[in-house]
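A short write-up of the structure that comes next.
All chains are identified by letter, namely A, B, C, D, E and F, in their written order; residue positions are counted from 1 within each chain.
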Amino acid sequence: MSHYLFILVGAVLVNNVVLVKILGLCPFMGVSKKLETAYGMGAATTFVLTMATGASYIIDHTLLMPFGLEYLRTLSFIVTIAAIVQLTEMVIAKTSPTLQQTLGIYLPLITTNCAVLGVPLLNIANGYNFVESLLFGAGSAFGFSLVLILFAGIRERTEGADVPVHFRGVAIAMVTAGLMALAFMGFAGLDKYQ
Amino acid sequence: MDILLAIAIMALGAVVLGALLGFASVKFKVEGDPLIEKIEAILPQTQCGQCGYPGCKPYAEAIANGDEINKCPPGGVEGVQRLADLLGREVKPLDAEEKPKQIAIIDENTCIGCTLCIQACPVDAIVGAAKQMHTIVAQQCTGCELCLPPCPVECIRMEVIDENIDNWKWKYPVVEIKAAALQKAA
Amino acid sequence: MFAPAPFLLKDVSVSQVMIQVCVALIPGIAAYASLVGPAILVQLAIATLAALAAEAVMLRILRKPLAMFLTDGSAIVTAWLIALTFPPLAPWWLIVTGTVFAIVVAKHLYGGLGQNPFNPAMVAFAVSIVSFPALMSQWPSVGLQLGLVDQMNVILGWAPRLDALSGATPLDAMKTALNLSDGSFDVTALLANQDIYGNFAGRGWEWVSAGYLLGGLWLWHRKLITWHVPLAFMASLTALSGALWLYNPSQFASPLFHMLSGGAMLGAFFIATDPVSGCTTPRGKLIFGAGAGLLTYIIRVFGGYPDGVAFAVLLMNLSAPLIDLLTQPPVFGMKDKA
Amino acid sequence: MLMNLFKFKGGVKPPTNKTQSVGLPIAIAPLPSKLVVPLHQSIGGMPRPVVQAGDKVLKGQLIGEADGRISAAVHAPTSGTVVDVAMHIQPHPSGLDALCVVIEPDGKDEWIDRQPLDYAAMSPEQVREHLQQSGVVGLGGAVFPTHGKLTASKTVPMEEMVINGAECEPFITCDDLLMRERAEEVVRGIGIFRDLLRPKKVLIGIEDNKPEAAAAMRAAVAAVGEDFAVIQVPTLYPAGGAKQLIRVLTGKEVPAAKRSTDLGVQCFNVATAYTAWRAIAHGEPVVSRLVTVTGNVHDPRNYEVLIGTPMDELLKLARPHPDTDGIIMGGPMMGFLVPDVHVPVIKATNCLIAHDDRLFPPKAPEMPCIRCGACAQACPHELQPFEMYWFSRAKNFGKTQEYNIFDCIECGCCSFVCPSRIPLVQYFRFAKSEIWAREREKNAADQAKTRFEFKQLREEREKADKAEKLAKAAAAQAAKKAAEAAAAAAVPADASAEATPSASGPAPAQTSAVPAVDAEKAAKMATIEAAMARAKAQREAVQPKNTENLTSEQQRAASDIEARRVAAHLIEPEPATPAGEKTE
Amino acid sequence: MITRDEVKTIAGNGIWKQNTSIVQILGLCPLLAVTTNAVNGIMLSLATIIVMALSGVAIASLRNFIPHEIRIPVFILIVAALVTVVDLLFNANLHELYLVLGIFIPLIVTNCIVLARVEAFAAKNPPLQSTFDGIFMGVGMLWTLALLGAMREFLGSGTILGGIDMVFPSLQPIQVLPESYPGFLLALLPPGAFILLGCMIAWKNWMEARAAERNKQKPPAPVATAGCH
Amino acid sequence: MSATKEFSATGMAARTAAILFVFVIIFTGLLSGAYLWTKPAIEASAAEEKMKLVDEVLPRSEYDNALLEDTLTLPATPELTLADPTQLYRARKGGQPVALVFEAVAPDGYAGKIRLIIAIRATGEVAGVRVTQHKETPGLGDYIEVKKDKNKARPWITQFNGMSLAQVTDKEWKLKKDGGRIDYHAGATVTPRAVSKAVLRAAQWAEANRNRLFAEGAAK
């Protein structure tokens, strides 16, 4: 039981996808200018990433591994993810205009979020079983959302700061991300009990 | 053999996903785009066409389809900023110089009442009838200057709206204070 | 002409605030100096010079008024906190690197005084311990009595860095021993048998912590800090360490040990209270302090670094804007609504 | 009476500097050489001038007529000649001009006919009307027309009426002296308000650094036989802010979004009560007020001053020291340096402070905010000034509103305590006025949009009409042509060749067929278009049309135009345009 | 076919004006993750160039057969297939490097640059142009990765060309700073990567500002746009 | 896109499925071709990678059998702190047992587990030790990795070479600081302690199980 907890907490904090595993940076940088959008992106990514880890586990274990077709992983995973994203997008657009308003513009961006493909691949590298994979996926997604939202909070504040002119915008955001990663290094070693 | 198996499995997936997607794309089709409305809400509704589109709405549509956000002079740098915020794009300098807010004034003695300017005004801010003197309702004039060219006797001019006690704004404090600080430090 | 109201101003200034923070650090510094010798004063001087130099250069580059900002005292506070958290015999270049990084990257890239989201001193500490873990974990062994000259030689790199210089801190020693012991070591035995431990915590370190406590209380009395952060910090640290200590006193040290070890006191009163990078709403401050206390314990006991204060504070720094946003106090007349 | 006092959070204690100006009794300021009376002296509509250059006026004669419900009349402060109705620089931080009536006193100071009123016999509506006509406005600083505050809420019973004699700003003592010397009239004025609002309790709050005033008021209350409670409140700036005083005396907190009557409280300044009494019992409109003249002067003192008196003339009475370099109107916390020393005293002028660098040392340069939170602790409205500052500075106005910038009463406590010496209030004013301007722009844009859409719709409809007409004409013509062609075909071919020399043999049939088909097409198109336009028009008709429901402003603008046109004899005095039609 | 000028603009855009890493701020994950030395960065960029060039051709030639609704899945399919081929090639021939670059080879698929270029360019332009575009975008990525890798390696360990032995086993990294250089480890860790990239972007902004200053009549090139989007 | 015809839902489904199908066939075919083409090379390099590791702990000159074929699957072995089954390789020369090559884990590193590959000769001597995986602090505890060790001439990890239970007593099999003979870097003693303890335990385990291990597979 505690083993599962470690996987979950580890994925959120110790091995945070963005700050430690360095995945999903483009949306992290791109959609963090405002808290509001960060919430939306976080929610959308959490949904898709969790779905993607589940789906790719099933594909890997029912279609690929039994036939020794591991080399098709990337291909089949990413196509599945793209389809999930597009389906979600269409369903949301039709069924919930409010959800569409908040999540609509982020969904298409998720296809090109490295984390969404990276986490399923890491799952396989780590040899996780289905539950572990889901937990790792959800944890990573939550970790992504968490740092995205915190980052957006800081960026909204630094927006008003008297940052040296050439550093305004993305450059200072990078520095902020660096200092965040530095802070997250404090969690290092917490997973040694895993 | 392996190849055939691989292809078969992938093809199976392709057919399933393709069918799902195709089905959904028809079943869940939606019209309209809330983004355009949001963009339009930011544009100043001057309807002047300086952006190269016939009015603000067409420009909003164009922006939604990827046009630059810096083409609306009446919106000013600030409008660009707000569009950039909305769309997550980078702020760009305005594609023209920013003008102070103006309104049109008709020289009542020269006006011959040709009604050409009435037709040009996109917001019906000009009142008057054929062969009679025209006047511009100041509150309604957006300062778009569209009435200037059609006037045959050039009796319309633009005037900058003066600052008065009612529309006066407190100024941004930093400027002088920074200057003072610098002076002091120097 | 256009002088804005109010025309009367209270007689306060940023430099007054910062100077008082420095004054409040003096009891702790005195205890520290009597424990490890004058080296710490040398380090304070090095850090101060490095901070002022870095500040001056940055102000010049960014074309900001030099005199006004050099005298505001904030760089000195940063420098002193860096000197107090680094090992007292750390080589000079380590302190200088840390300080310059703090001032240039953590402070001035964000626009300087008042605008940095991260605590500059803790950035310096974190950067240094991550980059130079070996040097950052060499603390003079207990009973190592070196004179000023010898200490200077070590700091300036003119004397070799002997093994004797590099003991672990009480906190680290405790953690290492407990982690490796397979249960054979026990806290009480450790405290009783090893001479680096005093009555409650590290030998002599109790007094340094007490000095910081004294200074911190004075700051509170002067209304430069509020009670929220220190109290929440100490309460959460005590609660967590106390719970685990009661659960297994032979494997977990007492709350007193944790309060008086490492940077806990300094952190509670001087570091987590940094107004610039911390929370500002009363509830936010409570959350900030409590979070910093919890994370400090978790990192120092279970994590990979000997003390958690720096990382805990940085982690709370990065949460601070959001915490502030979510804990806005209700304004006048809106209390029943919130 | 023993009362449980409440506390408000925050507040500051600047040195009060009040003793200087209470030593001498109120003096009547002499007639100045010229009076410049701004027409716009209260919140609300700008009064319309009812005099012209050359008119003779008597003291108290109406010169500006209230415009709309929230507006207050303006009167001639003395008898004399109107020399000008023109734009003059205002005692306003902008330093801009506004319309003023300039009066040259004739020295006689001759009143118009003053009619004391028995307000007990009048309906409340009439009393309010009379107060408006007498130009009674709040003299506590906000100059809100008092009649507008004298209607109780229909749903909430009026519990307490708070009378503001706190006078919390340093230096100012005019209310103090008023209460000391004219307590009885103040109390009687309060009586009028009480009778109009019918509160359960009347609480008179006076800061505890004015014991003489409190004593005088107590005596007057007893003398008049009222049951008003005179309560000394702790001296803490801004205890005189209406919301703070209400909080201290009643424990109620009035949020920014609500009026105090919604909570069953109302607040008036003591001087307001005094002028109300004068207006009712003596028939005297507001033509003068008490002004504290203090600061860098030899003889700080309170004067009863005619509205319109140039400030430099008033200041001279108190003999300013030679190093005086400006005049602050109002107190040192909320006042402002007047843009020109000749600007007139207005109803809002409670104090003039001669400014010099000794009393008010120049501020050290602004440093960045260190988020120390001192301002938040000092803010009586429990705001987060540094957040509001941070976002005002970055011009992120949406955020400032999230931090409730519009709850700020601009009291200046935050600026007072700030160790970085940031002119916080200044940033807030800047942000507020930008937000207001934006609001105006937004409204204008919305209006422009509806007008534009309406115009487009109209044009489309016209086009459709035209097309329909054209199509009809074309169809008719085609029919005619077809008939002709048929006729032509009927006649022998050579004749047809003669009739249409250009056409070749088989041409007639073709020519007749082509237009027929075209016309048919055009007619069909036109009907479709017309139908579509109708449908659209119907759809649109559900939405409000901009030409109806015009605001009074627009109507006025239109009618102004109309009037001018009539004046220019360019049109008959009858509506000539569609817009005009609708507005008439 | 393709004119010299066209090549020039495409190259200019790819290498500087629309540089993926420091202007478009795309493809950050490999940019930051693999650049612990220059060689890693260069090799991953080469892999990316191959994928981009090939996918450019493939998509530009097939663009007319791909229906709009499923263009993204199809694009991704093509890119993923090409990436897997490259992955297999690395695995077969540069096994050690393959282990170092690890997950980032398959992740070329989601590298926003690839899809962004495919969407923004290849789907609208003829094959030859698209190939050039892919190559030059890749070159832009290559030099930034190489520079960032070199800086990190130099600061972090005082060497250059670390990891060269994985490509050319006969070569060895060069120790530039003295052996006693303690190594500023931060540079090799994620925080250092972020901060140094921030500095590179600021440097680019500075260059642009200086260039704009120099010839004011020329309009400034677009400033960094954040995000794939 | 050009004005697409309106399709019914099922029609559209069929259409997209067909198009996707075609693309998938083409590109999966391509991919599979590439796979088949590179497969031998990939397998070779995987084997080479394994051999490279083994080569580091045991010189090839010492044995002559096909090492990678002479394997045994070790079940989870608590003595070596192995939680999962691993492979053990047996080196023989002329059919005579030469050495065992196997994995072991030091559980108590500073930042978690340290994975080792260890070769122990039939004589009980340690032939070589290498670290395959660890999370020790960069710059402090990572000198146990040959690559990160600044002492290139004689990396720290090589000092186990040649040690055996016969020569070195348990007491000596410790850090110098703890009274043993093993060197360490100042300021980082946790890591070397963990490694040396693990090597000692591995040697003891090999001593105890050697005969069984060499015999087991040979019978089959």
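In this text, a contact is a pair of C-beta atoms (placed from the backbone, for glycine too) under 8 Å apart; a residue touches a chain by one contact, two chains touch by 3 or more.
Since this is a predicted model, take the numbers as computed values, not measurements.
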Common touching chains of chain D and chain A: B, C
Longest centre-to-centre distance from chain A, chain (CA-based): D
B-E or C-E - the one linked by more C-beta pairs in contact: B-E
Centre-of-Cα separation between chain B and chain A, whole angstrom: 36
Distance from the mean Cα position of chain F to that of chain B, given in whole angstrom: 65
Chain C and chain F, separation of their C-alpha mean positions in angstrom: 42
Euclidean distance of C-alpha centroids - chain A vs chain C, Å: 33
Shared interface positions of chain E, touching two or more other chains: 69-70, 73, 77, 81, 84, 88, 182-183, 185-186, 189, 191, 195, 223-224, 226-227, 229
Overlap residues in chain A, where contacts from two or more other chains coincide: 30-31, 33, 71-72, 75, 79, 83, 86, 156-157, 162, 164, 167, 169, 172, 175, 179, 182, 185, 188-189, 192
Contacts with 2+ other chains: residues of chain C: 2, 4, 65, 68, 105, 111-112, 115, 127, 130-133, 304
Chain F partner contacts - residues on chain E that touch it in the complex: 65-70, 73-74, 77-78, 81, 84-85, 88-89, 91-93, 95-96, 99, 179, 182-183, 185, 188-189
Complex interface listing, chain C residues touching chain E: 97, 105, 127, 130-133, 135
Contact footprint of chain F on chain B as seen in their complex: 2-3, 6-7, 10-11, 13-23, 25-27
Contact footprint of chain A on chain E as seen in their complex: 25-29, 32-33, 72-73, 76-77, 80-81, 83-84, 87-88, 103, 106-107, 109-112, 115-116, 186, 189-195, 197-199, 201-203, 205-206, 209, 223-224, 226-229
Footprint of chain B on chain D - complex, ascending: 40, 90, 92-94, 96-98, 365-366, 393, 395, 423, 426-427, 429-430, 432-434, 437, 440-441, 444-449, 451-452, 454-455, 553-554, 557-558, 561, 564-565, 568, 570-571, 576-577, 579-580
